[in-house]
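Each of the next two complexes has chain A plus one more chain, namely chain B in the first and chain C in the second.
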Partner chain A sequence: MPEPASGPDRAVGAALARWRRLRRRPETWLFLVILAVGTLFGLMAPGFLTLPNVIDLLETYSVQAIIAMGLFVVLVSGGIDISFAATASVAQYCAALLASRLGLPAPLVILAGLAVGVGLGCVNAALIHHLRITSIIATIAMMSVSFSLLMYFSGGRSIYDLPDWWTSRVVFYRAELASGDIVRVTLPVVLMGAMALLTWALMTRTSIGRQIYAMGGNPEAARRVGIDVGRLTYVAYGYLGFAAALGGLVQAHRVGESVPNAMVNTELAVLSAAVLGGASLAGGVGTVPGVLLGIVLLAILQNGLNLLGVSPYFFQIVIGVTILVSTSITVLSSRRGRRLRTLGEAPSHG
Partner chain B sequence: MSGETPFLRIKGVSKRFGGVQALIDVDWEVRRGEVHCLVGENGCGKSTLIKTVAGVHPPTAGTIEIDGRPVPSLDPAKAKALGIQVIFQDLSLFPNLTVVENVAVESTLGPALRPVQKAGMRRIAGEVLARLDFPLDLDALVADLPVAERQITAIARGLAAKARLIFMDEPTASLTRAEVDRLLAIVARLRGDGIAVVFVSHRLDEVVKVAERLTVMRDGRKVGTWPVAEVDQRRIGHLMTGVDVEHGVVARDMRAAPPLLAVEGLSRRGEFADVSLTLRKGEVLGIVGLLGAGRTELALTLFGMNRAEGGRILLEGRDLALRSNRDAVRAGIAYVSEDRLSLGLVLPQSIGDNLVLAVMRRLKNRLGLMPQARRRALAAEWVERLKVTIPGLDAPVRTLSGGNQQRVVLAKWLATRPRVLILDSPTVGVDIKNKQGIYEVVADLARGGVGVILISDEVAETFATCDRVLHMRAGRIVGEAVPGVVSEHEMEERIYA
Partner chain C sequence: MADARPLPAAKQGSPLRLFAGLPGGHLGLVSLLVGLLLLFAFLVPGFLSVATLNSFMYQLPLLGLLSLAMIVPLMSGGLNLAIIATTSQSALLMVWIMGTLAPPGTGGSSAFLVILLALAAGLLLCVLIGLLTGALVAYTGVHPILVTLGTKSLIDGVSIYLTRGMALSGVPDAFAAAAASTPLGVPLIFLLLVAVAVAVGVILKHTPFGLACAMIGSNPEATRYSAVDTGRVLVGVYALSSVVCFFAALVMIATFNSASADYAQSYLLVTILAAVLGGVDPFGGFGTVTGLMIALAILQLLSSGLNQFGVSTYLTVAIWGATLILVVVAQTFAARLPARFRRRK
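On to the complex of A and B.
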């Protein structure tokens, strides 16, 4: 055991070590960036930093945040999934059909929708684990297949007659501010919180969560210590399927209809949020708070740029650049780490 | 001690992979709390033996007894439950997790939704490290630890899993003498607790200090087991190879030869610094040092794969600006990488295609096409010159033995007619007969005026082939020796000190 240092020295040392660890966390930097960008927009666009606007933003991004939780799990496991938006659309449309055409009761419709999502996730897992197809290829292919099937069978027709239980607004908390603005905490925000909490608990507090981290860090070692890598693959992609389906159901809840192609092109935004939050595309790294912060930053950027009247294409550029920059940083820093280790480890020369 | 049942006893174990007989009728035992060395050349069956005992490969024939009870169908989980742990050379740690999570990883193997026992894992890790008398920051990420401490982490993980027999595969390959001593102290401690340790190593001198018995394997058979006191290095070498290899010193005084490649103050941040050396025409220059001393990194820079950040490279007096390895190939520099399987060969492709890979440009005719006949002629010529034993030019390289694969890689680069040939650990995984063959090729090339840089882990190898040997440590060249003037033993002392 290390020699116990004297009182104050030890406290200072511990604080220093904590700061050093904190400084290395992407969450810390992200938080600082969010503060800076938020303040900037707050100054430039009055109305940005008001509570109603912030809550509104949260609600707008709740669907992406819910799906990002699932994607985060897949990224930690060392894989990637591009098909989640297609999965969400398929699950949503299937549920909408059951609800409007057959008039099934709410629990059955929700269950069926989630089951479709989990099922599609498991198909991804099967392709990746059993057929050893690289995850990005398998999921791009699956995205194409499931989305095209959806367009083929739906003919691109939206479903507008969703039942009331699905589309009516659920408000959990309501308050009127002194300014007269009304603040509402609604179902999407609550579900987002619940998913974040569930994912956080799963990944940090359960055996299987830690196994997913281990597998993402070193799959071969995971196999050797007796972790069932195949099962974890199903869990990760199945969980993302679940999250995507839930996101799909919530999306229909928010807009009051099911449009087959409403969610396409959200893939990169969700991916960039997760990557921004520190989830490594190489696997094994990332946290739920980080992903949430990533979502918040993207939301602030999009909304802020909107308020400033900047073209929406600019935001797409931001998303693309974010993915490129954060992944390059990951690669560069790990390469540098490897290099520094060569000299760092060898004994000092005499 | 001899009256006791051994912890592990295997009888008549054989293992066959397709047409290859990896283990033949092996009887072996490991006693409780014993430190045992398992030695043999690459490909002698050591790893297969370990994997068989660890339940990874079920034996084709024979029985395995643990604690005197036969275990008919041993699988990895059962082997672990019975206390058999293997620490692979790559350590199989999780770099993204903390020391605690690595050491106590078994605690997370329970039912999927069982809460992680954070306090329990901490307690386990703390206890095990205390038992090893080795303080580590429990919350440090393994990626941030130096190699020696990662090794301790791996051992601690074995202990935490209630190991009774720990196999350590080449545990000392990247450690300094001080670190090795610390490791051996830990091993002695394990022995005190009744835990048996089997070392698989080729650096025997140090391991022999703590071991009681030694088993030699050759060609899938057990040659025998002896008390360590009864065998010396030379005898072990003889037992491992079955031949008496007496490497004479071949060093020639090359100072009169014109300089071919000169390196001045070459640096690359984090890899090597201020490296200066001169390779003369026809000279064989060895570079030795610990794993991770920067040798391969230096070679990669000389081959243009990585860019130098400072210093100069001169080829026959002219400045060489290497922007990529294509520039290096064009300048006449060839590099045979240490990892021939992943970097040197296209395994599923034919021997012929592999051979001409680096010289396709030269094979093109006026139309820019590559006539099949030219390609075959060139490949056949090199197969003949390097005496590669092949079933045919069209057979995939995958089907060749390690020694012959290495010859194909060599031939591929020799076909570029290099003036400077850099060989990085060229005999890893090559058996003794083929090793000798590769040495002969090197000597032959040198006589033809090619300058050869030979990077090796084994001092003996450089002494058997080189005119001069440079010692690299922590990214710098710290010494030079002429084989014969300095003895092999002295050189080893310098490296591992």
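On to the complex of A and C.
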């Protein structure tokens, strides 16, 4: 036991202890990296740290962020899902068909699209829970089934005649800056915020969320404590299906058409954003702010390099290096933490 | 991921764990294969012909070699998402060397030297990628899915950056002729697949390295405490996987007569499907090359047979996915059946 310290020393000690706790959180590292990269780009590319650019960035990445929220819940539950891009495409195309061919009203179309997403998510959950197929295998299989069926039945044809209510821009807040630039807060950004808040509330403020963390940490222990693991599997994958469908609808809203294969190959980008933010493939850890920070990091990297005039072909190299470096740092620092951890400092999930 | 979930209840303590894939192990797979063969022979007139066999032997090698590259890390409980990227980059490098150093019309012996140089460079590149990936997996402790996701993105990025996404062509005639040759009436690329499959099978089954691989896949900690240098074995696993990618790159050049960063991208997940269908445990530790080969034959048979019915390729992929789900379902119920009977007694 160290001798009792006087006032200021104790404050310093508390701050140090706080820093030691924070140091182990991937969010802290991510935040510092974002600050560093943001400052760097801000100094090098004059247009980078302007409000319109930041809002544009948010809008560009809103679809990925919405889907990442759902994937985050599945990752916390200890599973993984590769099929969400296919789910998003199927939900989007079904809704587009209903809207353009049958001319159904907006609420029905949106409900139907979301229901398709939740339904496909529940199929995943059924395969994983009742048939005991490993989540990665089940979702790879479901991805090939649902995406190929979509391509088969749509014949790869895009739907261009989406109704106006779907494609017209919804602006919640509009302001003109002194510089003459116009700042708009649009529907995708608002939906992204709402989805992040909803996911945060679900995972930290409800018993379902706490149970999902428990299940991801140790499913067998969770089951013996009396948690209904099957129901939680449905909740997690159904929620991802919902998020994917919402992402699909928003994507069509942004581009004004429904292209069946527009969202393929976004799986790995969304997965890397979630993992960058500290969600672990082993389940049981991760936070909503972390996932958002992961998306922000990828977004500012891409945008900043663009503004600097770096070739877009170069971007994929940067993403690869970022994933490798950040995951290595996260694992290595948490490994050091595990060795030193005392009982009072159990990791928190806040 | 592997250590976070318990074994499915049906598999725990059941000898069926040793024969995952289909009830009856390889026997089940073979009977599925024979059944499909008979079905198509019955439904499609002229299905059992030399032409079908030939197209079969030309189409299988690329997917087969890529699946072999996937099975090695799968056995060790990992995954290599970078196999396609490695294959394309190696193919790009080889075609670039051959195209710049031996333009059409180069004399026989110098063309031969250039081809040798290209092969050596392609192999070296694959070994380097494999060692780097293996070292990252082994010594950082990051999950292989993430490491190989990063390397895939990195390798693809370099390929696309350097080629601007264009395809490279310009393979010397000598190489093209050798690749298209058919000793004993069998395409050379099919013989290559057989040779690599036998080699990988022997390495996995009959060498200390293969045993260590499967043991790491079952329980890495226990293997480490049994005085196996797990880090070194893991580096070897990813190096071997990448070397198999080199052979896949040769087949890729032979098949397309060119190379590009986005050839064969859609095969990535199919290789995992084939491995699981062939009885490889996705958590690692169990699986055989024989099972994988039978599964590949089933997938290829489904695709050729449905193709002759005039079914679209998209539908074929959907049926592949459905086949996998059905096979795993059959396995689950077969494992549960004995328990049910016991309860009724």
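Here is the rule we go by: the second predicted complex is superposed on the first by the 295 of 350 C-alpha atoms of A that agree within 3 Å, B and C clash if a C-alpha of one lies under 4 Å from a C-alpha of the other, contacts with A are read in each partner's own complex, and residues count from 1 in each chain.
In this section, a contact is a pair of C-beta atoms (placed from the backbone, for glycine too) under 8 Å apart; a residue touches a chain by one contact, two chains touch by 3 or more.
What you see is a predicted model; the values in this text were computed from it and never measured.
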Chain touching more of chain A, residue-wise (chain B, chain C): C
Chain B versus chain C as contact partner of A:T327, first or second or both or neither: second
First (chain B), second (chain C), both or neither touched by A:Y313: second
First, second, both or neither for A:G226, with chain B first and chain C second: first
Partner chain(s) touched by A:M263 [first = chain B, second = chain C, both, neither]: neither
Which of chain B and chain C A:G284 touches, first, second, both or neither: both
Contacts of A:I159 with chain B and chain C, given as first, second, both or neither: neither
Partner chain in contact with A:A244 - chain B first, chain C second, else both or neither: neither
Which of chain B and chain C A:A214 touches, first, second, both or neither: first
Contacts of A:I82 with chain B and chain C, given as first, second, both or neither: second
On chain A, the residue positions that both chain B and chain C contact, one per complex: 216, 218, 220, 284
Residues of chain A that touch chain B when the two form their complex: 1-2, 21, 204-211, 213-214, 216-218, 220-222, 224-227, 235, 284-285, 336-337, 339-350
Contact footprint of chain C on chain A as seen in their complex: 78, 80, 82, 127, 131-134, 136-138, 140-145, 147-149, 151-152, 216, 218-220, 268, 271-272, 275, 281-284, 311, 313-324, 327-328, 331-332, 335
Complex interface listing, chain C residues touching chain A: 1, 3-6, 8-11, 81, 136, 140-143, 145-147, 149-158, 160-161, 164-165, 269-270, 272-273, 276, 282-283, 312, 314-318, 320-322, 324-325, 328-329, 332
Touching residues (chain side chain B, partner chain A) in the complex: 76-77, 80, 86, 88, 90, 92-97, 101, 105-106, 108-116, 126, 130, 135, 139, 143, 146-148, 176, 178, 268-273, 290, 292-294, 297, 473-476, 478
